[in-house]
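The structure is given below, and queries will be raised subsequently.
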């Protein structure tokens, strides 16, 4: 791809790093190493959902770790639309119009909570009728299959045997449906520790591991946390907007992760700063 | 307090906002509203742990929502010490010295994973012998009591009846001990949905609610998410380093939360940008 | 261009804004409006110099406002090379190797101050022999012509009649050569106010004005400052990494500039956040 | 001061650095080294003007390097008031009210350009009647004396023999008055190179040098640039919101400045991240 070549030869602060990231991903995507993909929920409300969906469809990644909001947006967008808005439309006005703002994405009430409840509840009902206790990773797979939609990350992940882990499973609309169901059926159970068991199997079985981590927070940490049990990732690309000075996990560079044995000393890795909705499409375009 | 008065009268970008935050907290802390305190784990590795501990000891807050790392650091520091380091000491060298870096805090291996395992496992063992299934919030309370240490946030929270919620309970060393115990005792259960039930009780019983949210991520979102079920927070102070342009939940201003009904239209609120280890002590000093 | 179309149709936080920027530039570049290009010096040490050079070569812009470092890098790179380095190579070690670091660009001593002095001094000497007082904009034009190199922004600007204004002309190596020459020839004069006179002519003669502003600081401010005298820019694209919360001119959004009449109320404009070495090539590629 | 002690003993990311900065300033302020103070214009529109004024009044600093906007705000506020506003009041509405927004500071038209023109023009007239050519540093001193106001930084600097350098002297209202006067009196001259001569004297005469640099841009760079001619600053405190990843001079850490010989290898220095309107008052309070 032309742009990538230019980035490779011409140097630059972030442009050079995007090229480095692309080189590392080439190894992650083509070798037999187990590749983790982690990302925050916000980007799934945008066109970047399509990019991630293609990574999943093409089986370029092996494990997904993300947050509840990813489930929400992926499900909602199977059935409804979000709209292109702006960052500075009056928020009180939007509230009165029953439109929720997510950055510059406008999400009508009926495209989020309402539709998620309407579609998810019957699915949970049916799954509960089979088994009263579910590991989140299994529940998500079943929901993915039921979505039965080519644009859905959950659907393609399920079809391709890519497990989707959400360690903070209760934090969002998907989680609220689970809670709501629990209020009505007090023997319904989510077995979060079983997800950890599955992750341990993946991590201990892997020959080598690599990661494409988009954004910080719980999804990044859970990815590097588990890789620490195998002395660290062999390769890692981290795209983030977070900075180091505040001591946050999100802002921590992969260099810091070396001290925790979450990334290997001899690993190939790069920290790329900027909004993933612009950087990710450029960096993975050559693979799609 | 003199500094706060100066910030109040002299204007300034962030200084003025710190004063506004102080004014809002005055209402939150002195009225009978239910006050949520949310924060990320990193600051608990620093002296800010002491500040938060005092808020808890003085019962200025009613509910805590935080992440796994808070449990890790609060427990580890009851028994061991962390050290003042620097942001740019060679990370590979640190690794070889078995020292983990957290920003400019140095954490020896034996002050983290090792000690947490040593101290926590017997506690879990004992709690398991009483019942096989635990809501995280209850488990954390019991652990808090066992810590029996005046410097511990968990201890003081437990003593003062302040529930500590950790929606991403598996993501860290505390979570890994739970998983590890689960591998040995397959009937051990964490009932995360029960935590949500408790949160629903708190939220639906509250006359008014306010929040002091430090940092973004899952702990911020879980705070505003639940408050959405009562049409939004009445008052809110948000301290963060995250910016709005990346569309992240962490960077989202409280203005955006109004559109989601997570903060009320007529709420008093302020977004304060900067590292909480500097801002929080200033802002809450007058209350301690 | 395919990527741009994708950004246009698929939404996203920054990706959508890059598309908006591209649309605005289309108008700026194809209409008969006077187009200002402002940028900071750092990017001229990278491959982005080539992109800007092409904008200048193709006469897509009419006026340049930049900082001293741009002169330094543009001149130095005509005669010597910079090297691709990394952000975290030990700085003390680099110092001992006589290599200066500029982000992840490595600049050997002899590729900067040394070469600039060697090449620039004879030029100043010669220009001084013609006239003792120079408007910086004229001096820069003459130097540009003498560089006589297709890769040089200054050369192409001079050839194409695009004035290059540097309001902070003394701040860097170019400026130090001027000062140094002044120490030896006390009747040598830089007439900075004459530059302002030229800018006033441009601004008052323009039918419409537009701007592509990369980065903040003095080059951004001087661009919007002068446009205030004609009630504001008609169109503006601002790429920056600076944030609003610190009250800085660099972080100020173009919305704020409306209050100062530096941008018109009905102007088309967009603020794009991120490193220009990645964003600019994408956004202007379709024009090159 | 109690807060500072707490920051000293309790660690923390930024809080610890504020303490380090305070320690370095103690040396800078009490030793006989030449202390540079650099800062951007924005903070002079806030109460931080008062803090800086006290540093100047108490002769804690020896040289000031700043930007044109500092002159504008310092002069305007001698005669008029600015108002406490908010970051998100509608900008188009403000424009229609003839109020300029600077972050969360509201500046009525008549409190800025109008008053600066009214007060400054007669001063320039008078100074011009004495001499037709002025070094900016001398002109600023004379204006400072004429302001004759205890709250004015320029006045106290003039009184205390602290030179105020503004390398980008034309970029703002002060500069526009100079230009405007030049249009009417074509033999009026600003001799910017003479300022450089004065700076060279200061730098070459100093035994040791230290700096308190607030913010980046031209004022930071001019400070470290000149100190490079004496092999670097002996001590340096840098407060900024800018980050390193974009390759900018503003974001460059003092570590990078070591490679350029702008800061000595054995210098004591610290980079502190955050808004100076909150950090500076805390850090210098013990000296005032």
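Which chain is which? They are A, B, C and D, in the order written, and residues in each are numbered from 1.
Keep in mind that, in the parts below, contacts are C-beta pairs under 8 Å (C-beta built on N, C-alpha and C of every residue); 3 or more make two chains touch, one makes a residue touch a chain.
As the structure is a prediction and not an experimental result, all values here were calculated from the model.
Asker: Between A-B and B-C, flag the pair that has more C-beta pairs in contact.
Answerer: Output for the comparison: A-B.
Asker: Same or different: at the subunit C/subunit D interface, is the fraction of residue numbers used by both copies above or below half?
Answerer: Same residues, largely: of all residue numbers at this interface, over half are found in both copies.
Asker: From the centre of subunit C, which chain's CA centre is farthest?
Answerer: Measuring from the centre of subunit C, the most distant chain centre belongs to B.
Asker: Suppose each chain is reduced to the average of its Cα coordinates; what separation in Å results between subunit A and subunit C?
Answerer: Distance between chain centres: 38 Å.
Asker: Nearest whole angstrom, what separates the Cα centre of subunit A from the Cα centre of subunit B?
Answerer: 24
Asker: What's the distance between the Cα centroids of subunit B and subunit C, rounded to whole Å?
Answerer: Between these chains, centre-to-centre, one finds 45 Å.
Asker: Could you list which residues of subunit D touch at least two other chains?
Answerer: Expected reply: 13-14, 42-43, 46, 103-105, 243, 245-247, 255, 273, 275, 277.
Asker: Which word fits how the chains touch one another: line, ring, star, complete or other?
Answerer: Chain contacts: complete, every pair touches.
Asker: Within their complex, state which residues of subunit A touch subunit C.
Answerer: Touching subunit C from subunit A are residues 3, 6-7, 9-18, 42-43, 46-48, 50, 82, 84, 88, 103-105, 255, 273-275, 277-279, 281-282, 285.
Asker: Can you list the subunit B residues touching subunit C in their complex?
Answerer: 13-14, 243, 245-247, 273
Asker: State the interface residues of subunit A toward subunit B in the complex, per the touch definition above.
Answerer: Listed in rising order, the residues are 40-43, 45-46, 67, 69, 87, 91-92, 94-95, 99-105, 167-172, 175-176, 178-179, 182-183, 188-197, 200, 215-218, 221-222, 225, 241-252, 255-256, 258-261, 265, 275-277.
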